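Before anything else, here is the set of structures, which you'll find just below.
The following pair of complexes shares a single chain, subunit A, combined with subunit B in the former and subunit C in the latter.
After this line comes the complex of A and B, so read on.
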């Protein structure tokens, strides 16, 4: 049986980080059959995190972030063509150019795209951007290099904050609007969001929280010139970036019968997709940002993660399971981890900070701009976030993995008094924010309401 | 040659910054910015940086060739 699984036809839809790493891992696992990778962008797999950092700072070119291969996956790359449908009974992927690809096993790694400004006419104004792809980053970097009078960033999530940080570093005036009470509040909760707001303002960002943008204005030639805000004020700017979060690329699966929706494609811990009846498939696998999977450390809630590390880890598990018989399959149990660099600070997170009721500052302090914050849920450590303290993160990962009690026991030499004072974690309902969450708990807890549902399109 | 740094793993030891300063720079206290495309005259330094990384966060290799089809 195992011999059969190492042969046959595997199709991977999605040619970004998860698709590439899965293709490599399939060969590593001994897959000798035919391997086809479909990607809608015309470029080979490239890395996205540098796009909002090095590229916007003008230090590296947008077309230079191609991902290195660990090994040549000897794949047939179908780049620049979109998958438009799936026939799970006939076992074929339908492509937008009318061709179709038969498969024995399929991996879906179609990821996400940027949520666009909801008014299409305003979104089409010259100077209005989103940031997700290499082309987006290239065009935006060019605009920033031209020295606009002011940049408007809509949404104070990680991407919006990194864009604002890059603008300030380039000496550009920037306004950030966020419907929630502070930047990053949806991901990190109340306390660290106040530090984030202070970092924005100390670095000269015109930060407007608790407001929404009601309209984008253009001149007669269709060039963006400013925006109206819900508090009646107006922002004059030449460039606008809508950093409103991500939309999962699932529309092509609408008629497939798979459990694909706005929150992603539901799969089991072994990356096998569920169909719409909740029955697990055995030949369709999911990995990366488009997946939604159960995690035992977080109450078996379905997690949707937009994390680089998750794409890599989940792709490897999916690849292993695609070529392994049932009892040898592995679960994807990696602890969510991500990072962001903004305003000269390195923010790293492990666990799920939104899965929390209280926090303590276990090391360092807000004033020092250097700290480790530990998140707890019902007396158990569920997450930690470090600011310029990355070396401490592994210790807290261990606490999460072992379900250590919260607040954590004394351990660090620089333990402040605050480590004994749990305060509410203050994670708001994501519905009230401009920026979509990069981690979404999409299950239910009896005492919490943290579901995210976004309209499609 | 291309590189990618697994920044979930990076802990800011900055060995790469000393060994290949044109390719790796600290941004603030411990944030790392790097150039993903490695020119030939930097390849040896980048290999040393990858070898010296205490958490082995630097991956180097060739890019997927674009003539896929």
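After this line comes the complex of A and C, so read on.
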């Protein structure tokens, strides 16, 4: 049995971080069969976190963030061609160029793309960008280097905030609009979003919260020149970046019968995809941003993450399970972790901050701009976010893993008086935000039993 | 023998050459093992890392209340190694400004050429001598010369600061002796004298910076980022001592291990690209720092045992590195070992400040030595060890080339 699983044909759809790591891990696990990796971008796998940081600052070229390979996965790379369909009965992936790839086992790692500005004519104006790919980053960096009078960033999530930070570091005027009450509020809740707002303003960002952009304006030659806001004001700018969150790349699976929807493709703890009837498949696996998977620490709700670390960890588990017989398969139980750097601050998160009812500052202080914020749900620790205190993260990870009581026990030398006073975590409904959350629980509470599935996204 | 005598036996000089069976006994006795003197020992990997990361654990000796109160005379005068946050963070950040990121990101890497040059100079003497002492002829002078240039300390003053350094390191060792009054006094005096000497050097550089760290400290333009003379004294003493008392062991242990297990010597000669991983494996297998002491600031439950507030806890990092619950075949030296998250540099907020420099030095030193070791043999095995149990390493390592 195990011998058979190490042979045969494996196709990976998605040639970014999760796809590459899975391909390497398959070979590491002893897979000797044929391996094909399909990617819609023409480039070999590259790293995305630097695209909103070092690349926009001009320190690193957009085409220089290629991911190092741990080993040659000896794969047939089909780059620059999109997968357009899946025939699960005939076991074939259909490509946009009309060809099809037969498989014995399939890994779906198609990730996400940037949500575009909803008005296509306005989105097509010269100077209007999204930021997801290396081409996006290269063009945006070029525009920023040309010294625009002002940059408009729509959406105060992590990507929007990092873009604003890079603009200020380059000395550019920047306006950030956010429909919610503050930047990062969707991911970090009320208290830290106030710190984020202060960091924006202290660094010279023109931050407008509680407003939406109603229209993008162009001149006669189709060049972006400004935007109208819902409060009746206008912003004059030469460059606009729509940082509205991500859209899962699932449209190609519309007729596949898989449980694929706007929140991703549902899979079990072993990365096996569910079909639309909730029956688990045994030859289709999912990893990375496009997956949603159950997590025991968060009430077995389905987690949907856009995190670098999750892509790596889940790809390794998926690869292992693809070549291992049932009893030897492993669950994907990694605790979600992500980081961001903006306005000179290092922000790191472990757990799921939105899965919380209260927060407390356990170490440090807002005034010092250095702290560990701990998130609790019904009396246990579920997440922590550190600001310039990254080395403390492992302690809180341990508390989350062991479902330690919230608020955390006293005793830290740098414990502030505020540690005695948990406050509501104040996580808003993501529907009211310009930016999508990068982590979301997409399960359903027992009091909300009815859901409508739109497989076409 | 009883598990509550383990610290006594581990610190006993007779066991210096091979403490590893005692570490295995410690792990077998449980995750938390109380000692006869009221202190505690922890030798299992997961418990050590949990305690290194726990903000309720203090590195400050003044947190100790049992079995005897910690030193009180040294109220304000401790290096950041023995302070807790936020004071530790403030001082470590100031000390990091001329040494590493974010203010001096290329500093350590820029030492690469100089380290290679010093290594080559030291090895010239090997041509004529058939027999050398790896410690005195190579592993000690290399890091000393490097840290002297980096800090801005005259190399010829080594005999002077070596005495202070020996006294300070001896006074900081883990011990089960009850009366340490004389040892503490000598250590305090040496720290004061060495501090005054280093502050004097920094004063000479004020207004005349020479590109070294003491110059940077003395000429810091921002008053908010400036160390006081007392802070400068403690910090500079720490950097000078830590900069050479540890790397000497890493390099020497590397030569010792490779000459004991020649198949790895051959492997590294054939595949020099493995050297960085071999150094990481050395940091796991024979680390320069074997133990650190911490004190809980509140009663702490660890793996089912409550450690009372104020009791000293000895974290045996070198034992955690050999924990079979964490590392596959832990007693095997394997330069190709994957998943090697060792405790050689500690972990948490006190993670070794000089780790990037130590890595660079060890890689350069072993990389240069390995081609000359193919016909070398150990003249004494085990070699004579230094007294210190915490900073453990050979005092001499005579080798026939």
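The working rule: the second predicted complex is superposed on the first by the 443 of 457 C-alpha atoms of A that agree within 3 Å, B and C clash if a C-alpha of one lies under 4 Å from a C-alpha of the other, contacts with A are read in each partner's own complex, and residues count from 1 in each chain.
Assume contacts are C-beta pairs under 8 Å (C-beta built on N, C-alpha and C of every residue); 3 or more make two chains touch, one makes a residue touch a chain.
Keep in mind it's a predicted model, so treat the numbers as computed, not measured.
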{"item": "Which superposed partner A:20 touches (first subunit B, second subunit C, both, neither)", "value": "first"}
{"item": "Which of subunit B and subunit C A:70 touches, first, second, both or neither", "value": "first"}
{"item": "Touched partner set for A:364, first subunit B, second subunit C, both or neither", "value": "second"}
{"item": "Residue contacts with subunit A in the superposition, subunit B compared against subunit C", "value": "B"}
{"item": "Touched partner set for A:60, first subunit B, second subunit C, both or neither", "value": "first"}
{"item": "Partner chain in contact with A:391 - subunit B first, subunit C second, else both or neither", "value": "both"}
{"item": "Partner chain(s) touched by A:341 [first = subunit B, second = subunit C, both, neither]", "value": "first"}
{"item": "First (subunit B), second (subunit C), both or neither touched by A:411", "value": "second"}
{"item": "Which superposed partner A:212 touches (first subunit B, second subunit C, both, neither)", "value": "neither"}
{"item": "First (subunit B), second (subunit C), both or neither touched by A:49", "value": "first"}
{"item": "Intersection of the subunit A residues that touch subunit B with those that touch subunit C", "value": "370, 391"}
{"item": "Residues of subunit A defined as touching subunit C within the complex", "value": "362-364, 368, 370, 391-392, 394-395, 398, 409-415"}
{"item": "Complex contact set, residues of subunit C against subunit A", "value": "49-50, 53-56, 58, 60, 84-86, 89, 296-298, 300, 347-349, 351"}
{"item": "Residue numbers on subunit B that touch subunit A, as the complex places them", "value": "1-4, 6-8, 10-12, 27-37, 59-66, 68-69"}
{"item": "Touching residues on subunit A, where the partner in the complex is subunit B", "value": "20, 37, 43-45, 47, 49-50, 53-54, 57, 59-61, 64-72, 75-79, 307-309, 312, 337-339, 341, 343-346, 348, 370, 388, 390-391, 393"}
